[in-house]
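Below are two complexes that have chain A in common, paired first with chain B and then with chain C.
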Partner chain A sequence: MAYQSYVLVCGGTACCSGGGDRIVEEFKRQLKEQNLDETVQVVATGCLGFCEQGPIVKILPQGTFYVQVKAEDVKEIIAEHLVKGRVVQRLCYDPEQAKKLVAEANIPFYQKQYRIVLRNCGVIDPEKIEDYIARDGYKAIEKVLFEMTPEQVVDEMLKSGLRGRGGAGFPTGMKWKFAQQQPKGQKYMVCNADEGDPGAYMDRSTLEGDPHSVLEAMIIAGYAIGATKGFIYIRAEYPLAIHRLQVAIKQATELGLLGKDILGSGFDFEIELRFGAGAFVCGEETALLQSIEGLRGMPRPRPPFPAVKGLWGRPTVINNIETLANIPVIINKGAEWFSKIGTATTKGTKVFALTGKVNNSGLIEVPMGTTLREIIFDIGGGIRGGHQFKAAQTGGPSGGIIPPQFLDTPIDYESLAKIGSIMGSGGLIVMDETDCVVDIAKFYLDFTVDESCGKCAPCRIGGRKLLNYLNKIAEGRGTEQDIVDMQQICDAMNKASLCGLGQTASNPVRSTLRYFMDEYLEHIKDKKCRSGKCSKLVAYKIDPAKCKGCTMCARKCPAGAITGTVKQLHVIDRAKCVKCGACEATCKFGAISHG
Partner chain B sequence: MAKLTLEDLRRMRGEKQKAMEMRDSSNKDVQVIVGMGTCGIAAGAKDTFTALVDTLTEKGLTNVLIRQTGCMGLCHSEPTVEVVVPGMPTVIYGHVDAATAKDIVAKHIVGHELIEGKILDKPSIDIVKNA
Partner chain C sequence: MSEKLETMTPELKAFIEEWKAKPGNLIMVLHQVQQTYGYIPRNIALEISELLSVPLAKIYGVVTFYNFFKLQKAGKYIVQVCLGTACYLRGGDDIIKEFEKQLGVGVNATTPDGLFSVEAVRCLGCCGLAPVAVVNGEVHGKLDKGMVAGIIEKYRKLG
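And now, the complex of A and B:
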């Protein structure tokens, strides 16, 4: 006996506390009474992600979505919807639309995502070229190779308004145009898959889920600029992405979609993989080119830009994975279609790797102009564990920290720059009040100091100096003069560094100083870290009123810092204490606290 | 494989599109799609995949096609498994361990009933706008 309908009742915490579990019982009981329990199955689900309108009930296969359902409504849903097939209008999310069967797709909440780059991720089998072809794959190269001139392709890119998704946001069409205008001869097309920001994994997921879209885009770019050879520079830490790329290249070559005379068009293009050893600076385009040539990955001054003088001195275009994944769709659907998505200055969508203290961490793609609030609270489902939102970090170690007052800023390249951050490649880390801004700035500086190639002094020395100041402040030895000095170093690094790494390495410090000066001053003047992250500033103490003299803490303390005899008050020697917190965790009487 | 000409590619696309629409490649009418991106594999998707294959072999079910795919974006609920059975709504399950994988075969595919507590009906591939 197969079921004809399914009742999904949200079993998330919020919906359960709103009576969701009673609704499940009520459905089961009433369906049994009416002998419908063999045709309708009732299932509790995980959180359906629309907690503010809970409890949620969804009826399949129609996909009708009922909100704020009470146990008393169950009878009506069964009688009307399940028996007669009529929608209970008063329980629908939007009564206006209730005439149609309301599906999730009609609810604004679920419309926040828009997938261009990730169109095939999670849909096709990435190791089957047939799957990609069936989803309009390699259709764009048909159009480009047989119906368009290279000039028309570049024009289309210019018209679409697509800007580089690697971080800087340079118009892709312009880059192509510069390379195209160079005299004929050997040119190169390079794909930058050296994704290195902590917390970012958009490019890896795109390659793992849809490698052919990147290959197709590289063929298109090669045709447009007159290159017959492409390189994908990918970090060796991405073994699965590399494997899938290798499979994809092999399949495309076998079918003649790569190699000599593609589809009989007379155009040749081949792609080679180059593996990076994981240096962050190799994501910078000039350093990346050096690395491909087999040299040590170090940036060089620009101009000349790679579009004029790149790989082995030849004109070279370098595009990032996400930029490329947009291109086949732009060709298929037209520049005009693409330029309608997004904001005035920034077209299209952006993929974010949403991580940190957020409920639904994951990979999302939203139109440009979506606000941080929509991303974090609607799509991300809010802050984990009921904590307060403190800040969001975009752009990794080159980006800034965005405080709550800017949650409603529509995201594009310009608006993020205005509030002291950058779009970056798309890492988005959410922080709550248990995170310390000094600690965060320290984390990123630590990273950039490690990854600085050391070629130019502002980055090499400035970064180290900044980190020293941050350590000093975190340890409670900071002075107010340090902040003045730090600001000067930040400015110098920003103006004088050779490449993007050094120019932006100070952003985490600048933005935290700008928005969270009070916390820096707390560390310096009050020797206090409100989140407790800066362990040197934390002091553990035993409350004499609560201590029973059980000796547990003294036995647990690894440093022997706690003294006291049985049934007597115990004392912590601050000089010996290593602030591990073991005593606080072990005390059964809640007598030990830190602050 | 032979090199494609323009006509071959177009013909191939047409054929494959039809196959995908019908969800029917060589008499396999049930599809189980496992998210095998790095996030899925790290969360144990390989165990899930093995459990699915083993259970299907054990039960002698030959009409089920197991496919892999990349990251659906639901990294917080990996491993994810999408189950497409004719006559039933398409469902995505989250946090699918080996035990749940067995349940999917025994209850969902054979018994045509959904599995308690594991359905993940977030904004996802079937409901977000696609280009």
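And now, the complex of A and C:
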């Protein structure tokens, strides 16, 4: 008997943690009890993207979109929606408490999105290969293996204009061509799933929601370059993605889509998983190869590029997850179709993990050329808590900060580079006026200093020096000469570091110096941090007009810095104050403030 | 040194056998060791050195390079506080300080009763729930300082 309705429950990490897995169990149990399990199918899908409002439940065919669902709500959804056909209004997305938006298509979060990479995320059950096949899955392999020569496949990739989504934007077709042109023999196809940027989870969501698309693309790449062996290098911190990949590899092998003589074409390809172990530098391709070889993940100079000399000295192509997920679609729909999406230099779409001080954080996919304003204000719903937009950060620790005057820049590799940031792998972090640029630069430098492998001096020493200067400035000990010195170090690191990590590690400092010099100078000259983030520069004061002399603050102060007697004005001794903020939090009259 | 000696489990032995011939197996084997014991015990590292014919120095070189591998046994409950960018901006720093204060131990240290370890991790990938902490795989999202005591109490009761 055919199913009449489908209940799609988001099974991404964020929703699962929010109780999504319990919701799936509840639906299955209650539907069975009511003998509805033959007419309603429950599917745990990949990430639906709208993580802010999770856990999310979508009912098909109506497309009704329920947000922040709890296991206790399941009973009502079954009784009202699935049995009586009435929408449960209280669970619908309702941003202004005014109009009820029922279907996904009506939610602003989804309206400007265009899904190629995430085409199957939230639509199929990622642990069922049949679901993937039903959505044109593994069709591209058939086309490639039986209708195209390896040269034609590479040509198609070149024509599509697809560029690497790992950050640098190197044309994928070129990479394949280099490897293809190497003499025959053992070659390798490697998938980089070592997503290490803090605040980025695009690749994990793709793997969790649609693992087969990555496998299919790897087979296509293998065929194009002449490799019979593929490795997926994935973070050990992503257990759910690892599990889904293992399931997918097993299913594909059982159906003859992986392994010896794929679909009877005579082409062999096998895929093995290799786990990362928490080293950010392993996202750099030469370091990644070292790690697969079981060594310390330290980069080596290029050339020779991996396409010539890679894994165990053999020609190797390394592509990132998002790049790969595009490939089956390009093969199916054609390079011409793909090259019509995007801007003049950058084709296709980009997936972003939109996070930070934005109302709707989540996973989004937009055509290249979309502006930051559209992403942050239309899709992201603007800044939380009525605050002001201060800056957006792209590219993680290797990227830069984008100030408000560039909100209308259409996003592509070139335009972002021009304003001092990079596309990066897709972390997009929004900041408001309560964030301090010195603090942010410090946060990223702290990360890169921690993650520098230590092989080359510019990165190892330069990063540490920059961090020392930033700490000095944040503590109010900075001088104007420090800024001159920092700029020099930034240039040296950028020019002389061995790998991408070191070359770009200074970007957060450079871009904040470029756009927020006044804030640096405020820290240095006025010893002031306008956001109050740099705690050493914060000064607490008591407003004499509001202080009632209740003594609460003096009793709370751990440093004994507040003096005053009952019903008398209290005073803070700034020399003794440790800036813990306990007094401000405890004052019932709002008499204590900081700035 | 009075370090506890661990014994090699049959599962681990079988795993090493399976991977022995594959090139670049060291990291995968170390993952299995850590999954078995929760850390990389010295005597097991020695045994692996012999089984795989890899010098002990090279094994330690790899173990100390990667953040994921640990040389000390962690507490029963591992509190991982996310300090990815999104969590940091939404106050992850305050959350980790609160855990340290309430448990009386610093980052990467274990409480004297062996119950809790505190770790700072970089992005758990559920930025929508920021700030986030994970205790033995269970995610606690949208935290504020006031919720820390309750989380500790919950696991302390479980013992």
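Of note:
Simple rule for what comes next: the second predicted complex is superposed on the first by the 484 of 595 C-alpha atoms of A that agree within 3 Å, B and C clash if a C-alpha of one lies under 4 Å from a C-alpha of the other, contacts with A are read in each partner's own complex, and residues count from 1 in each chain.
Please note the rule applied: contacts are C-beta pairs under 8 Å (C-beta built on N, C-alpha and C of every residue); 3 or more make two chains touch, one makes a residue touch a chain.
Nothing here was measured: the structure is a model prediction, and the numbers come from that model.
Of the two partner chains, neither chain B nor chain C is touched by A:Phe170.
Residue by residue along chain A, chain B and chain C are tallied for touches, and B comes out ahead. By the touch criterion defined above, A:Arg204 reaches both chain B and chain C. Of the two partner chains placed by the overlay, only chain C lies in contact with A:Gly396; chain B stays clear of it. In the superposed model, A:Phe178 lies in contact with neither chain B nor chain C.
Residue contacts after overlaying the shared chain place A:Ile379 against chain B, while chain C stays out of touching range.
Shared-chain residue A:Phe305: touches no atom of chain B or chain C.
Looking at the shared chain after the overlay, A:Ser361 reaches both chain B and chain C. In the superposition on chain A, contact of A:Asp435 is made with chain C only, not with chain B. Taken together, the two structures place residues 201, 204-205, 238, 361-362 of chain A in contact with chain B in one case and with chain C in the other. Interface residues of chain A facing chain B in the complex, by the touch rule stated above, are 2-3, 6, 8, 11, 41, 43-46, 48-49, 58, 60-61, 63, 103-105, 109-116, 118-127, 130-131, 133-139, 142, 146, 201, 204-205, 208-210, 238, 240-241, 254-257, 263-265, 329, 333, 359-365, 379. Across the interface of their complex, chain C is touched by residues 13-14, 16-18, 51-52, 54, 195-201, 204-205, 236-238, 274-280, 291-297, 312, 353, 355-357, 361-362, 393, 396, 427, 429, 431, 435, 443, 447, 453 of chain A. The part of chain C that touches chain A in the complex is made up of residues 23-28, 30-31, 61-62, 65-69, 83-86, 88-90, 121-130, 132, 139, 141. Those residues of chain B whose C-beta lies close enough to touch chain A in the complex are 1-6, 9-10, 12-13, 16-17, 19-20, 35, 37-39, 41, 67-77, 87-89, 91, 94-95, 112-125, 127-131.
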